[in-house]
Amino acid sequence: MIIVMKPKTEQAEIDKIKRRISELGCEIHESRGVNYLIFGLVGNTNVIDPDTFLANEGVEKVIHVQEPYKMANRLFHPEDTIVKIGDRQIGGEKFAVIAGPCSVESEEQITVIAESIKLSGAGFLRGGAYKPRSSPYSFQGLGEDGLELLKIAREKTGLPIVSELMSTEHLERFVEDVDVIQIGARNMQNFELLKEIGKVNKPIILKRGLSSTIEELLLAAEYILAQGNTQVVLCERGIRTFENYTRNTLDLSAIPVIKRLSHLPVIVDPSHAGGLWWLVEPMAKAAMVVGADGVMIEVHNDPAKAKCDGQQSIKPEKFSNLMNSLRELAKIEKRTI
Amino acid sequence: MIIVMKPKTEQAEIDKIKRRISELGCEIHESRGVNYLIFGLVGNTNVIDPDTFLANEGVEKVIHVQEPYKMANRLFHPEDTIVKIGDRQIGGEKFAVIAGPCSVESEEQITVIAESIKLSGAGFLRGGAYKPRSSPYSFQGLGEDGLELLKIAREKTGLPIVSELMSTEHLERFVEDVDVIQIGARNMQNFELLKEIGKVNKPIILKRGLSSTIEELLLAAEYILAQGNTQVVLCERGIRTFENYTRNTLDLSAIPVIKRLSHLPVIVDPSHAGGLWWLVEPMAKAAMVVGADGVMIEVHNDPAKAKCDGQQSIKPEKFSNLMNSLRELAKIEKRTI
Amino acid sequence: MIIVMKPKTEQAEIDKIKRRISELGCEIHESRGVNYLIFGLVGNTNVIDPDTFLANEGVEKVIHVQEPYKMANRLFHPEDTIVKIGDRQIGGEKFAVIAGPCSVESEEQITVIAESIKLSGAGFLRGGAYKPRSSPYSFQGLGEDGLELLKIAREKTGLPIVSELMSTEHLERFVEDVDVIQIGARNMQNFELLKEIGKVNKPIILKRGLSSTIEELLLAAEYILAQGNTQVVLCERGIRTFENYTRNTLDLSAIPVIKRLSHLPVIVDPSHAGGLWWLVEPMAKAAMVVGADGVMIEVHNDPAKAKCDGQQSIKPEKFSNLMNSLRELAKIEKRTI
Amino acid sequence: MIIVMKPKTEQAEIDKIKRRISELGCEIHESRGVNYLIFGLVGNTNVIDPDTFLANEGVEKVIHVQEPYKMANRLFHPEDTIVKIGDRQIGGEKFAVIAGPCSVESEEQITVIAESIKLSGAGFLRGGAYKPRSSPYSFQGLGEDGLELLKIAREKTGLPIVSELMSTEHLERFVEDVDVIQIGARNMQNFELLKEIGKVNKPIILKRGLSSTIEELLLAAEYILAQGNTQVVLCERGIRTFENYTRNTLDLSAIPVIKRLSHLPVIVDPSHAGGLWWLVEPMAKAAMVVGADGVMIEVHNDPAKAKCDGQQSIKPEKFSNLMNSLRELAKIEKRTI
């Protein structure tokens, strides 16, 4: 951590800061420039809140050198993490494909979709039982019944199921029923929820918040890891920008960046990012060539009648074509699928 | 709702859309331009999800005419809502001032601050017991002990207390202990939490999410209102932009906009927005002149030792000066304080 | 164009608007809903400024149906445009690779780089003679001398040259000396410059502004096209967002979107977008699989001594590897390179 | 400047960086932490491009301590700059009010507006002769004729005139004809234009770009100052964000921030920021209380027939009311108007 003192700060103020640094158990390296006085802090600076120093009038800036997350940090854990789900995995050489409808609507709907995506080669079935919707008047999901239907689809196809958890209240049920718990973008900083899922033994897919930085995403993962659950998969799903032709802007550069900063697997959701079905295939392909560990794709047998997000869902035939494209790319990228 | 069909869409597709509109119980007004065919839908379009139509290949755009929120909409509720808290209120002629530390740290700290802000004329005491922090390694608040200390401060000063609720788990306790429940920016779209606080009889301050549009804020309020709790106060606290000299960008234009769209009271938090103590006074004054119904100010007796957000907290003396400035402006703005 | 009138607007105001629409030569289709009155305008609405209507108190919203650009619009020009530069081209089956240093620094530098990129298979040489720099104290380019050195490099390698024009003052010289004129992101809405380059017979690469929407980019292209120059190539180079690990956020979804809206070729600059050399290869590959018509890559023989943007430049060896990766992908994508 | 070296960087690489620092004439203060090695550079670091260092693989981060602008920096010029325009001024105790139409349309229009704003107490007349418009099909201004009409209005009212310059081609004419040259948001980083206006003896109003940081605005001002023209007034006019109810988001926090960082006067344009006439008055008032040195207001006698930006223009009567509100606030704020 580096503290830059304002020009012309009085000696008493400078001494106060130096005492504070010492109290926090850090060593001080002092460097006096023409206009600024700079303190380099050496020690366990991760645990120091930079705001403490910024509240002093003599302090101009406080700069983090060390990343504020530890367990998610590749620096302290150089090998890639591979998250195991039964005999499947996310991370490593294999490219994971998670597919399914935005929300579970009926037994027929979910089983028909599950069977078709299995046939095309998907590895996991996704489907929402509890849906976070901007408006209270939009379809909110089938709840527990949705989970039951997902289990039926799993039984028929053998595909592990991924579903979104929105409240600690349903956690126990999710641990029992689903194979991977998804935390949605809107709950990425629902810290109470993060702490609770950190205590269970179940893989987690953590989606990046619409306006969360990569650092905040890794800190959110750190909340889970710090409680003992190390099976965390990150998911880029688009960030909010001024461009509104697309619903959000898929930040594909985030993939190589996260790979550099962290050992956790990272997947891409091209359906939610653009919010347009015809963007799904090109963006899924791009996800593979930038090094993502998988994709999460919305597939619906009748998008025009889907109860949510029909405009971003692709039909089973299009999904089958997409799988073929991904398989071709996988050869070049030295991935299996 | 308006549906714009793509040029050269086949008649069969057009007929399909028209049938769908009829099924939804809407009347169709058709308008054929040189390149586009346009359907105006008349009926209860609030309950129609525009995505349903966007999933059809022939549909170019779907445009909402009617705002998607009803109970929060001034169109259907022209008079200003005033939220009562004991013998005090937020909304109406009186300008509400809520002040206090970011987090409750000790009995001495909270009572000293409470007494000083009362002396300066604040109407409400704020203090965090549960703190949403980006890093799991930052101070997370005193929890239940914090609530107890707030109650002691209330007893000593008579100031109603405002505190942030982060989980439905603590809701019952909050209803009993605090006078106003605050929902933080990061939980603005924690829909499960919104539904639960919609069922209690307790005033709510709902903060705008860092990257939430005004429409999304009003839809989040609608979640609460739709459950029966009509005592909702909105709070602008800065949005995330590319500018990073300030922590967030305080969107003061949002105040007159919200006043036009909704009847709910709206206050401003200038402390979190900028994240810099010297911005608090000018931005609080600006909040008053643009028509806000109050401000929420972080005050700490020793910001340099505050356990969180010290850099944006002002000392009791500065708060007293700020109150004087606000009182002067209030005369011009025809508000009492 | 659709005009939505506010609820309870007086008849006199409604009549005024209707007269105005008629004066502008448009037919009116009226549609009266429960709360709103809607006018659909049929006629040559492209030439109507929506602000004209918004200035009336009775008008709630004005919505464009027709895109505001014509010559750049695929609707009126369904076939892909191919821009020819001598015996080369941008657009069509062939994937264009433009490479070279951020700025021309010396004869040796530019010729060494030109020869190496040619060997690796690049089709065009880029190099800045006039440099737009945020600070007046940064290196501003060699100016005319830079152009001379580019010409020497062209003579040695046969590669057509691409260089950035910043002022109409140098236009004549550029038309004579360079093969493709580049307009930088900061000048995308320098409308005086756009009008002038619209009058010359020379291919243009128009970079998207840092905070320009896709629609604004197409309108900027329209400025050039409307003056008669139809040889316009668009370039996505990253947009400004809240994420600051990367310099900008490369908006790859923009490629399929632009392809859908316009017939103009579109390329990607992965070097400026991320501002990090190790992001160049993955993002260039992604550009190809989402359907871009080419890439523009910064290559420098000694990045650590480059006079600008060294941190985002790759060395000739890395560029050669990148070309190999692109060639592999090209086979799958049915492009030549 | 501070350079943070990556963990495990080899000694040869470290030595290379240290040699480079010495070559640039800087002294090195070294500080070795547990994971990182940090170099503090002391010397004339303003002239060093941080990218030079970032191009080295061993370098993790480069951090500026000193602001990159000098002449605009309050650190080196503590007193407020006051820009004189004849017997008037911008900066200092007096609050400047610039008003007038978006564009000059006719002699009658501009003189009627000029006379009415003068009566209400405006100090300067604004009016566009050359208009930067997103679409080539929108009204582009009257050009030279517009300047002539502005001069007639000046003669009749004595109000100094402010008009926007878009190209160096018209510079000579502007220097002769107008009293203050305005540089629009879209040209804030038109560096060739900035250099040229830096060479003339004429006050400049420099508007902040839609997506420019405060630091970039000050660097743009530095371009002008560095050429010798010290009469620069900055103007906040809204930044581009995800919120689209308002056209842009007025960043009022930028005013106290700029006042702290720079000695240059700074004004606010509330008309362009929101793009809505009913936001002008509250935001103009807010501009005063946060410490701006003036406002620039669009006034039109018939907004519904204005050739541009009618929706954000207020009528002379509303402007008169606004002036009264500002006068009341000025008393409290100890400003004259």
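Note that the chains take the letters A, B, C and D in the order they are written out, and that residue 1 is the start of every chain.
Convention: a contact is a pair of C-beta atoms (placed from the backbone, for glycine too) under 8 Å apart; a residue touches a chain by one contact, two chains touch by 3 or more.
Here the structure is a predicted model, which is why all the values come from computation and not from measurement.
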With respect to inter-chain C-beta contacts, which pair, C-D or B-C, contains the greater number? C-D
State the chain with the largest centre-to-centre distance from subunit C, centres being mean CA positions. B
For the pair subunit B and subunit D, the C-alpha centroid-to-centroid distance in angstrom is 31
Inter-centroid spacing, subunit D versus subunit C (mean Cα positions, whole Å): 26
Approximately how many whole Å separate the CA-defined centres of subunit B and subunit C? 39
Where in subunit B do residues touch two or more of the other chains? 211, 240-242, 244
Subunit B contacts subunit A in the complex at 16, 20, 46-47, 49, 51-56, 68-69, 130, 132-139, 166-169, 186-187, 189-193, 195, 209-211, 216, 219, 222-223, 226, 240, 277, 303-313
What residues of subunit C sit close enough to touch subunit B in their complex? 2, 4, 7, 29, 31-36, 38, 40, 42-43, 45, 60-61, 63, 65-66, 75, 211, 240-242, 244
Subunit A residues touching subunit C in their complex are 211, 213-215, 239, 241-246, 249-257, 260, 273-274, 278-279, 282-283, 285-286, 289-291, 325, 328-329, 332
